[in-house]
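To keep things clear, I will list the structure first and then write my remarks on it.
Letters A, B, C, D, E and F mark the chains as written, and numbering starts fresh at 1 in each.
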Amino acid sequence: MPRLIATAAAADFTSPGRRDYWIRLRHTSVAAAHLIPVTVLVGPEARPGEGLVAFGACHGNEYEGPVAIKHLLREIRTAHVRGRIILVPLLNVAAFRVGARESTGDDGVNLNRVFVDGAGTTPAMAGITSRIVEFVRQVIWPNVHIAIDVHSGGEVARFIHRTSFFTHEDPAISARRERMARWFGTPVVLSSTNSPGGSISRGLYQEADDLGKDWIGTELGFGASTDVRGVRYARHGILAAAIQRGQLHGAVEPICHHADGTQRLLRNRASVTAPYRGHYEPLVDCGQFVSAGQTVGFLHDFNRIDEEPLGVVAGLNGVLVSQAWGARVEQGQMIVMVAAA
Amino acid sequence: MPRLIATAAAADFTSPGRRDYWIRLRHTSVAAAHLIPVTVLVGPEARPGEGLVAFGACHGNEYEGPVAIKHLLREIRTAHVRGRIILVPLLNVAAFRVGARESTGDDGVNLNRVFVDGAGTTPAMAGITSRIVEFVRQVIWPNVHIAIDVHSGGEVARFIHRTSFFTHEDPAISARRERMARWFGTPVVLSSTNSPGGSISRGLYQEADDLGKDWIGTELGFGASTDVRGVRYARHGILAAAIQRGQLHGAVEPICHHADGTQRLLRNRASVTAPYRGHYEPLVDCGQFVSAGQTVGFLHDFNRIDEEPLGVVAGLNGVLVSQAWGARVEQGQMIVMVAAA
Amino acid sequence: MPRLIATAAAADFTSPGRRDYWIRLRHTSVAAAHLIPVTVLVGPEARPGEGLVAFGACHGNEYEGPVAIKHLLREIRTAHVRGRIILVPLLNVAAFRVGARESTGDDGVNLNRVFVDGAGTTPAMAGITSRIVEFVRQVIWPNVHIAIDVHSGGEVARFIHRTSFFTHEDPAISARRERMARWFGTPVVLSSTNSPGGSISRGLYQEADDLGKDWIGTELGFGASTDVRGVRYARHGILAAAIQRGQLHGAVEPICHHADGTQRLLRNRASVTAPYRGHYEPLVDCGQFVSAGQTVGFLHDFNRIDEEPLGVVAGLNGVLVSQAWGARVEQGQMIVMVAAA
Amino acid sequence: MPRLIATAAAADFTSPGRRDYWIRLRHTSVAAAHLIPVTVLVGPEARPGEGLVAFGACHGNEYEGPVAIKHLLREIRTAHVRGRIILVPLLNVAAFRVGARESTGDDGVNLNRVFVDGAGTTPAMAGITSRIVEFVRQVIWPNVHIAIDVHSGGEVARFIHRTSFFTHEDPAISARRERMARWFGTPVVLSSTNSPGGSISRGLYQEADDLGKDWIGTELGFGASTDVRGVRYARHGILAAAIQRGQLHGAVEPICHHADGTQRLLRNRASVTAPYRGHYEPLVDCGQFVSAGQTVGFLHDFNRIDEEPLGVVAGLNGVLVSQAWGARVEQGQMIVMVAAA
Amino acid sequence: MPRLIATAAAADFTSPGRRDYWIRLRHTSVAAAHLIPVTVLVGPEARPGEGLVAFGACHGNEYEGPVAIKHLLREIRTAHVRGRIILVPLLNVAAFRVGARESTGDDGVNLNRVFVDGAGTTPAMAGITSRIVEFVRQVIWPNVHIAIDVHSGGEVARFIHRTSFFTHEDPAISARRERMARWFGTPVVLSSTNSPGGSISRGLYQEADDLGKDWIGTELGFGASTDVRGVRYARHGILAAAIQRGQLHGAVEPICHHADGTQRLLRNRASVTAPYRGHYEPLVDCGQFVSAGQTVGFLHDFNRIDEEPLGVVAGLNGVLVSQAWGARVEQGQMIVMVAAA
Amino acid sequence: MPRLIATAAAADFTSPGRRDYWIRLRHTSVAAAHLIPVTVLVGPEARPGEGLVAFGACHGNEYEGPVAIKHLLREIRTAHVRGRIILVPLLNVAAFRVGARESTGDDGVNLNRVFVDGAGTTPAMAGITSRIVEFVRQVIWPNVHIAIDVHSGGEVARFIHRTSFFTHEDPAISARRERMARWFGTPVVLSSTNSPGGSISRGLYQEADDLGKDWIGTELGFGASTDVRGVRYARHGILAAAIQRGQLHGAVEPICHHADGTQRLLRNRASVTAPYRGHYEPLVDCGQFVSAGQTVGFLHDFNRIDEEPLGVVAGLNGVLVSQAWGARVEQGQMIVMVAAA
């Protein structure tokens, strides 16, 4: 049966059963709509305001989320759903269409920065990206208490596979979030504290936490490619969360670094900024241990080919969790990040 | 005599006689101005707050309006003007310069979506398009009670020639609007009801109606071309309205479909959205009658050249009033619209 | 069964039966190929060097050919084929991919100008467009004596539907070509004489004639859209030619202007060139009769909005067969063409 | 020692000594920052809220300021500083990176138009340009009472070298500003009155004056080049202001037109707007005296090559202070400006 | 009377009288032509193979030539013409249309590099630029023995006004060429020797000399602007050459540097190449004397803002005849040229 | 000492010692040059026509070569050189400048396809890329018998690290080439046979072999990044070749897969082409063993989100040596390659 094209307001997030929608957001200019694929699965135990949402393609050049969630569309059986599961394989369809971080053919704004006041409701913030924010606020947030946001790294930075969560003042909440994060099986799990609200830039992750949702983020690939293990981590982590948080029947086993005890929980971070434009050469792969003061990479200036490259030095003892992916780096770019427990 | 370059505030809309202006709106960045051609004709019977304005080029790739109104600049004799006639052959000069729907060389916003609060008066809405809105609000609306807005269809959709008007709770008002619309002579006249104010997107047509103006809109061509009959309809419809509403001396005769009784007044509409990107093949020309359930076109996916095309089915019995013009259609695009009485 | 991906050299144009190929032409730079869909149908009466080829999308923004030939892929039954029929719905796949006249994402050359010496075989003519020429020369020309090349008008010019053929010094050959052209059913059939070989620019149509093929060309639409009647003319004309020239079993009836006797055979042409950049307004639709000296359109210069438009005058008594489609016309552009018997 | 990368909030504008910063403003989308070079020099006599700032590259294609201030970075000795001197050779680093008036790779807004309410603090004004405004407001304005803003003319207009200042109702303030302006040595000094606050567009210069700062602006070159004398004027004017206003020890001598008595103080201005697009030919160089009614240039329309060019006529007796630089001029562009005492 | 649109072959370069043509060169792809304005003036003394041609806009962003020659179109009276004068105000109409050095909207080739074998006559050199070369070869060269080619400097380099000529082994020929060059009145006249034919790149100037024509080139401005004195030099130099070489009746007086004895004849040149990308700051204006070893400019690297700029040193004693105009310079760019007698 | 700017003809490849050049190739249009960094090291045992050249950046977005060779510039001591070593860290400087596979800002041709007849010597092949070919032919080939060409994979494909060589009919030659290839230490070494000369497309690698040079190619990274091990392999492989082939004193030890015996020599290959545009999901990482018939990836069509993805099947038992990197793949793209011994 073909997907039903519907406005957000008309979509049914509460009746039992499965519905596959194209949620239509009006095009800014012509007689057309952006169609966001949204699958709603509601089981007999669903409770108002509770459910699990999994988002792919918050940015349009991150593919592990879309691929993993597209697989789940066929793998999750409606009969097995206990509570509410919402699958959004492509949240930012406008950016996905052009295969770029932002919807460069439309308003070109980073969706993960515009969870701000007035997005999609005030005239000066009427672009498609802001209206996707309004869509999330209008129909997703009221129906879920768990949000999994599958991200990857784009063209700028490479990452060791990781999940992230925000700690909470209530240790029990922190613990259940950490558990969800660990079940993805990634080598690194990163914890941090949500920052207080910034008026001009705020992300989906921050808003989810502001609203008290249990949010899990990831970095599962980079370079606008699809990563073999990244897809596996995403698929497993979403299923595990759905099962363990009571939204889905079934059983899962720990995988990979979670299973073999090599998963690291990290928290403190130190990064290095490129002081000038150049080409970055890493000396250490992501995921390796480095020591404070160790030269972990070089910044080459081919405009001055006979000069020594500049050494890039780790700021603390820890795991190199991220570094520049594209060799060409701009002045001011974060080129190395090290994290420690 | 060359046109006088003047600010909107300095232009004279009330003294008897004719004045040809370039109304200057300051360029957003350099020492330059956008010059909107505005001709004001004031006769001895002009009343405060009353008059007829005709706008061309609300979008920059619609040419029947600019051409027809440019002809009227030379055809309307000042001595024949009774009330107030304002001719704006090129409203959106920034978009017309680049020949695109929106002013892609400037702020790139659709003028017919930004008649919203704060346009041209708040810092975040300071682009040329928003300031054209402010210009209309500042000097056009206070001087007219009738607004004719000559549109065409751009690259995305083709149309049967039509005029449009908003019905009013007062049947007399609806009737005088319908009469104006019919005198253009188009095969189709479309009536509808203005929607309540939307905070983030609102058109010239909606604001004209909100303010109680008698507004007439049109679709008189498409494809960024100039249509032979489209120009004729526009020219005749504007003159007829000016004469019949007491702004101009003279007499007119009904033309074309209005004269021969083949003009249809339609109201209910049903449209079809493309479920995926492909190439559209119409099976029926605009203006033909179709039946609910009839396959009126095909959506071909040349990426899957050996698949059957998808049939596009009419949703009601009526006239096919619009369908995709460019063969390449995007997911979510409105590809067929049928209207019935 | 999926299409077989094969090099041109490996494709089988002679064995009886049907084969659907993606003919691969190596990408100029990366590890990829351009895939041209080619369906070969060979019947029991096929003779060496004889057959009928139908090409769509010689230019990438002309859609009546691709759509009509894609329909024929499913409509022609292999069992009905007597001789050899080659269907190429998308000849210029590189231009079709970007939806432009030329392959603007690749070498950007007009395929219908590079049937010149060395195309695709000398280093300075190694782009994909030149290699498509070489593909035609290598495997299509040796297998056909009839070539139908379905064209449309693009963004620049609109046309009355027409077919074209080259007259030959042998009247019998001219007659069989005229007959094929007439069976498309278009209102106009245009005859002309092939020009002697130009060293720097030569079209598919000219080379087909140089090689003694019976070539039929068309103009069946414009504006990068799909035309209802254009598709019908193409489909019917190809089938009629295949049947009447002994490549296909079956029967056809004359259609439209061919059936009702309103089809005109025209030969002499006179065109008007825009002396400066401006906007073109037609006063007469394509297909109408005009008289020498009649003003058939206006050239408006909105840069000089208060000037009279320039009258565009027909050069002979005849049918207005083509005129500018996009309203914006450049200096030197052909804006009107009139043809007479 | 390498520059210290710091947030605006963390930079120290008050302790004695010299500090060279890269002030980081977060990138709108990726893990990167825009780095603004800011050198702070604080001497023993520095008073709270007082100091002199010199800005280069308010626009990214104006080079006399960046070059002159970069020289001053090495020429001003910390030991000679009495008060507070802040050197910002590149204010608009995002525009300078692309070498354009505006940061066309980022938000593309003209920095000198967005000193408006909410810049950098409201969600709809969160681009880098607006956040540069917020940076100036947060840490520069509170630390200076004198602002020198070195501008040049870009691609659109050429200028006679000039400085500018706003007169004040207090003649003493006007006099000290005029004195600063004169010490640059330029042939022309232009005085004007600040306009009342505009809600949608306001410049650095206007805000500086609104806040009671002594502001000096300049036009020291054009065409995205570096002007020999322009750099000299900027360097000398900044040093002279610093010394004479008590921020720096040392002595300076008048130079050039200031020294030889040929410097003109002008105030009244009259400009000419291009009525249509064309090519501008000047008949008089900038800096020459012209008379009201004198033809000072021609506007050529090469689209109409056999027409007479349009004479461009001076509106008053005075000095031709500016005219179009690029020969191609757009309709509405200011093509000539004459100023008189 | 409107210009006559004609092919090059159809234009009449020999009958007495004046003819204003648009010479049409077929568009590479669509039904359009490039129209080159060519005015032919033939007097009673015209001799076969002799005449004077003046070219403007060999590059599309050089405006002194087009403006000066456009003025001459109205100033030269047919009755005064003795021999043959051909005025081509816009040679490279395709580049002039886009206002760029090369026809970036067409083949993008530098016209002054493609006077090579096969231009416009072999398939791989069929672009409009190559066909302009063929036009010159077909109808201009056979009708002239004197060629004046008015150039300016574009965005990359600024120049002291100069004319250029090739010396010849026959001193009498060198002398008559020098005389023509001197009569323009420029401060500098540069002589050089034509280089032997290069197979892959050759200019109009070189071909003119190869064919034995007396060629005069110029640099009369830069920055895509129009220079007051540049236009004057061009106009005067063309008239003087026409009169003194027997093509036109009349008398001229020496002007400017030619009249006042300050004109310099230079020959030897030394240039400096930028070793890396940066911003160029001149210390000396074009036209000044410099000494070998003198630092005449700086190359700044703002990517390394705290480094000393690199000194740019003159290679010989002489006049600084050219240096970078745009401040941004690329690695390998010629940034300074000094010439000496 | 700064690099010497010299023409290719002027560079000295024979005198003993070290010379660091910028070899200048004239810019196609403006007064500038492309500067190729070339370091020549000549020792006492150098023989005519013999030497080792190492090229980086044949494509402009491959960085392991440039980085490794830039390190070698400082690491190889002139005193240790026995024969002749030529280091070219950036061969395609025009492509490197824009960071793209081809010089998209210049002629945009793939350097590794234009080692064809006439490159850089015929007018139709005069672009910078063709002239780089001519530079290699003019001064590099005559001075070397060993060519190492360090490549990586760009945005389109990912690779297991590998070196490549052409086998020769003389087993001894094959063996010495295999030995050079193995010493890089990569997990895979690929052997193949040079194809006979293609007239329209030919690579550096093919020409090197045609001329009898011992050529080694590599794939050491992808995604326009710099790979940690890729740089190490390149550096080691070049040094090992130089030492073992008698051009450099010193000793080396085997590394990585060469040292530990896990290096595989592969020869037969089978690849899979994408039948339509979609997103590629790998199921197996490069370097893994796969079996013929195994599904190694999926092709997803998000335009048809509810369809099953298409399985991508390995064609033989072997190592998956390459697959699509960017998730978005075009119709016709090679998406998987498997190689076996």
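Everything that follows uses one rule, which is that a residue touches a chain if its C-beta (ideal position, glycine included) is under 8 Å from a C-beta of that chain, and two chains touch if they have at least 3 such contacts.
Predicted, not measured: the structure shown is a model, and the values here were computed from it.
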item: Partner chains shared by subunit D and subunit F (touch criterion as defined above); value: A, B, C, E
item: Chains in simultaneous contact with subunit A and subunit B; value: D, F
item: Chain pair equivalent in interface to A-B, over half of contacts matched, among A-E, D-E or B-D; value: B-D
item: Taking each chain's C-alpha mean as its centre, the one farthest from subunit B; value: F
item: Identity of the chain that, by mean CA position, is farthest from subunit C; value: D
item: Between subunit A and subunit D, centroid-to-centroid distance (C-alpha), Å; value: 43
item: Between subunit A and subunit F, centroid-to-centroid distance (C-alpha), Å; value: 36
item: Computed distance of Cα centres, subunit C from subunit A, in Å; value: 50
item: Subunit C, residues touching no fewer than two other chains; value: 2-3, 122, 124-125, 331
item: Interchain contacts (touch definition) - all pairs; value: A-B, A-D, A-E, A-F, B-C, B-D, B-F, C-D, C-E, C-F, D-E, E-F
item: Partner subunit E, residues of subunit C touching it in the complex; value: 101-102, 110, 113-114, 116-119, 122, 124-125, 154, 156-157, 199-201, 271, 273, 275, 322, 330-334
item: Residue ranges of subunit F in contact with subunit B within the complex; value: 276-277, 301, 303-304, 331
item: Subunit C-touching residues of subunit B, taken from the complex the two chains share; value: 2-3, 20, 37, 63, 66-67, 70, 73-74, 89-90, 96, 99, 155, 158, 223-226, 228, 231, 279-285, 298, 300, 302, 305-306, 308-309, 324-328
item: Partner subunit B, residues of subunit A touching it in the complex; value: 2-3, 5, 22, 24, 26-35, 97, 120-126, 131
